[in-house]
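Think of it as A, B, C and D in the order they're written, each chain with its own count starting at 1.
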């Protein structure tokens, strides 16, 4: 028995109705509980047999062995990129199906991992160290970025980017010489992606253990956090869990790369191009049904454009087509879980009661959307809430990643300068989301301070040593010290 | 009443018999307990009135205000370097007196902070960000390293480097635009150093609060760790305390720069220049009476040179002159505290009992030194203990920063390569200690992973943002996504 | 009428018996003389109709127009790399056929241009400029590397690397936003390579004029040197012609990138691995029949290994299989032209007469090889000549790119240090030839000082500006000057 | 007999009424003709005995010997900076006296060389090479920037910056390990500056030949251009002479760093801050009496602000105080030579005749200033000429370094982007002159393409090698080639 017709494309990704969820030591296995993966929220897509702790231990041993022979090989990652390219449509479709984002975004996400592959092929020839002048004659001082052997990189990903975040980490990690251990939230995308990578490794006669995946529950994540064989753990998820992971990893002297929650704002100034700003907010707030860590959650509007902006945004919101993410024209799919839908509903209730008790704002126009959509799926309306300025203060939204859209150069340069934004990502006339891979991605403060994808993020996937070689016959000391 | 004759030079550093230990908001004060600073261990040098928590709070408010106007100013740090240069002899002498290291090392340490000043003046014109090509037309993508305003950098230093570690951090922090908050262990060096810096600030009509010092107990360190006004805390000290500081700072989304304990080894291979290697070990193990974090604690000797090396080292050890660190010819001064002396004695007892029960090694020649010196001061003998190879295993000295001294190029390059050392500092034919400021200083694993002084250490004293500016009229999305 | 059977593969490259040699404005044309391309030296492969000056002018106009719209596009170069990959065998075979190098080297050369494509795709996201701290408040100082519009890059290539040198330049130039103008020496390889690139451009609806090729004589090279529309000319060839090109280009304020002749030496020290060194010399001296600019032309042997090294090398030289470069087992193909063969013969005559008059060396064993091979092709023997040390002086071979192979670390580090080699490429235990693309390729002094392929060579394909923006309301001057 | 009272400060710089003009091999000498140095144009300040060719040859031999022992020493340049600092007022005064620029500019120029000294002290620890990943196992690939020994850097300076340009070059050259050979135009500033540097060298027991100065005529410049002992020649002067120097240096395979003429424009857009722009033009056009290479020579005014801008500028021009550059309040001193004054007068005549024949512009208001000032000195009026747009075309001022002052961000970013300015220095809301040392200084096209002072200019003062070390036992070839 196979898939219904609309799921036939899953076969092209190597998926069946029930799938072992653990790729360990180069073979598919799974000794843990059987769980279903759902088209949010209710339709089951396929079943997955999760990894047990024994699966984990076996996989890690093989992975650690493989790390001893794995070197930086851009050529392998180039082939992975090509293999993903041939499955772009199918894998993008599966992302939409399992995660719930619209097809354009699902395909865009797979494109992002392909872009990462292409990018790191070149990067693999530029993982440069430095030669630094020594003050001592006949000494050579270097700063080398090397991967100690063995080095495994753990990647714990969240539901909202089932494969792009893996790509940011794994592509860089692989060309830096890391083996990769993946603990995902969305099993089917993981199995399909892993299978594509596994085939490339196999074709090149390399141990499959170089890339190891464990679909499983929180005990897998905890095992990774505690595992001394994994010097670097990249974690994407909530601030609360991220801090716990960090402490566990730090206690064993490992390093953490955190991508946690965000509370992003868009500031619209009086000189903004309103139309462009409205479109930016639409994508920033409604894209991925508001479930990105870069989703815009706050609008700070200059009073002179407040009403016109809000009117235009409200008009646009009302036209947003909500529904099946695979259907053409849909802009907003379901929330990923029923719990999210419930959380949405209760938050709206809290807001409504706050609005009622809040005498200083205009009633009636203070809430756009706010209702769950009556359907089987986890569908809700895109929502705007107006709050008083005192309310803004009370909510203690003082975190990170605000952006704005003025056209005055003095504002732009102040914004990106020492007295401007203190966020990790600062945009002007651009939505809060949709980063390019060439820059470093990450947020400050409660977002965890991690940096992934481009720029010099690769340095984190290596140990780094200051090496000095004395090739002379004397023993000069720094700072001109004489001793003995 | 002033100082006895041999302490007269302290007056030239602005010190008196009793000194307020807190430089806050540009004035000297101190509302806490009075403590004595001792020439280790017993002779009191002078008294210090420590900072109270109220002193701390007042100082931090002023410091945070000052940070709003402090910009990167290489010129000020240049003047600080020049001011220190005129007091090199006196301040170096005080370092020896209060800490206990020999005069050459005391002066060398002050020279290091002067070198840091000279270095960062040039660095202040090279704190570069990047402009990264954008895949979107009419977009400019940048990575800027900016100091958000206000930014204070906390520097908690240890007894063994009373001012060099301050120099590594403060010099870089100041040119990056940080205000500096210093919590030291050695009050007199701190007061003298702060006074030199304070005079430079005053001469330039800058608020003294730019550089704030709090001599005090552990409650000051704890206050810094918890203080949200201090985004970056640089801590030097034990691994145990360092991990606690890190967790406290991380919980409030601050960043930590750790320089913790070390367990450094020197490996001597069969092709080594024995004489050079013996001299290296002498400086590495005996320098600063073995109290550096980079002190060599372990020797791994190739069997073919084992005995000849040990014979030469033993001969050299027996000639080490122990005594007053200010006296000419002394190579080894006292330990810093009486507790250290006691710890030394009890460790020797443990070792002796282990040796007795350890049948597989040669008795009689297995312990060189090992006795405390009978005197008032905290003097002990430089000590060599031979242990069995199984013993080496038992002690679990498996950490970091080993170095060796071969002359075979294949060994050297393997050593600094992916299958070589996993330490933060890797030397060849050089002692474990005595780093140059141009390279990044720091160790991996239990040493905390921090990097200070040269290379790109400065990046940590700034926030870092990926900024993208859309200066066109369109709203292209990354990964070619179309939305709406 | 088509090709004989052994040339059938040329059809797969789009070649026919007579081919237009000019790809200008996106179409194949040729209004100049008809020339034959020969399998060195006598067998005609195919005919080419060369570019006339009118072809050149038409092509350059279109190319300059195309440059106005061509932006940095890694994606296009990625596709070019993939297209070349599918033709690797055929194009490598054609390189061997037309140039004369053995098949492994022909394929290796095509692999190199493919590697360059893969490499620059990543590089295209890292063509970074800098943001430099300004000493003036409210100023932003940047160093940007931009391509002014339009920018064309001229690439004049030599016979010995018919396509790799094009790859070094064109791949980087294209991702930097340059249009490329190619003037080659080997027409068939150029036509086949251009056709592959042209198809990619066409598939992407881009103007073919982005990549323009002119097979032609010296008047095409001269036109490029004089052409103000070509800000950068990369020239590979003789030192004599290179200096002339440089002067012509400089006079019009253009820039030159020169890769000229080399006179490379291998130094073998007393501690060398003789077998490895002999193999290195074999590849360095005999590879490409000694026609690389990196070919080893001189051996400097330590006296203690002189005879044993020479004996082994002589033995190896005698086993070198000379013949058809496409045949399996051949190590040495023909010289590229009959003139080269004649030059070889006359050089040997000069050497023989010098040897006769040179009384201080051992007669009889002083010349290995030295004869032309009796056949239709341009085949000659690999040759070793011993000269007296005074003779070495007389020959004034004091230029560049020596390398050696010791095992003593002090020698290695001196060699690559300030008192060591003054060459552009310095190798240890590696032949003089066979560079990796990740490093910058080029030689000092008479080799022209150019740097191509990896490292920061890309910076030459851009203009570079120091941009400072004052976004404040004041007009502070540098160096604190007050004016008016 | 000494100096008149107003020249007494010259004695503090070590100058007398007649001075040997050559500092060679650590001693002052001069065997050439005696020339006078004039306070422009007529008052003699002091006499100088120029260098003969024999002086040159003796000096170069000593310099080349000294280069063999001179290493990078930031400490020496730090002391030079301090020594200059103590003579800032006197040397700045001499610059004004001998060159003719106003005192604020004279002191600013000396400050610039002091800034350079401070800057390169830090830079000396950051002259970094790279370690680049190798595709071959057991290979280490590096890019090192080393100074071959011996290396001398020739610096030929122009009258308009008697010491700042020396500072840009010499400071960097010295920390890179070059000896410096200076051929100036203004002998007294050179003698005084050299004496300051010589004393520092002497105090440190270093050979004076490390810094060698030759006051002399064009034969000294020609000797430098031809001298193989000088791998790098930095030349500041006219485009015509610069191209000749470049060809001579290139012929001997040396390198040239050119800073030639400029024809700089300021573009004022309709949204400009007029007051700020007028002040910018004043400093840019009138500063140094218009004799900087960065002097603004052209104004391109948006028609909407044309008249108001011109009115304000004319008003400001009329208030410019012309006269003794040492006198307080003077904004414009004399031209440097009588020939310049004559050239000014004849140019004005040509312009007047052109204006008469040019019917399409408004007569009467088309020339502001334009007269020589009736006095003994070379004083002329600051001058504005209006030309027709067709005239602008005819003058073919199409070179380089334009800048403008808009407030629209899209204009700013276009201006510094690929379709914007093609100049080496691009400013916004900043005069054309007055560069900071942290950026690279230099112009494109007829300005010669050189880059001096900050950024990565230091790389030019070194040779650069791609070094690869094979430390394994195999001989893998790049591109996977198998040979033999």
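To be clear about the criterion, contacts are C-beta pairs under 8 Å (C-beta built on N, C-alpha and C of every residue); 3 or more make two chains touch, one makes a residue touch a chain.
Computed from a predicted structure; not experimentally measured.
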Mutual neighbours - chains that touch chain C and chain D alike: A, B
Maximum centroid distance from chain D, chain identifier (CA atoms): A
Comparison of A-C and B-C (more C-beta pairs in contact): A-C
Mean-CA-position distance for chain B and chain A (Å): 36
Mean-CA-position distance for chain C and chain A (Å): 43
Interchain centroid distance [CA atoms averaged], chain B/chain C, Å: 50
Chain D, residues touching no fewer than two other chains: 71, 124-126, 130, 132-133, 135, 142-144, 409-410, 412, 417, 437-438, 454, 469, 471
Sites on chain D touched by chain A in the complex: 71-72, 124-133, 135, 137, 142-144, 407-410, 412
Of all residues in chain C, those that touch chain A in their complex: 74, 78, 82, 118-126, 138, 140, 409-410, 412-414, 417, 437-438, 454, 469, 471-472
For the chain A and chain B complex, residues of the former touching the latter: 71, 104-105, 108-109, 111-112, 115, 130, 132-136, 139, 141-144, 146-149, 177, 243, 246-247, 250-251, 253, 255, 273, 276, 279-280, 282-283, 287, 316, 331, 412, 416-431, 434-441, 444-446, 449, 451, 454-455, 463-471, 473, 475, 477-484
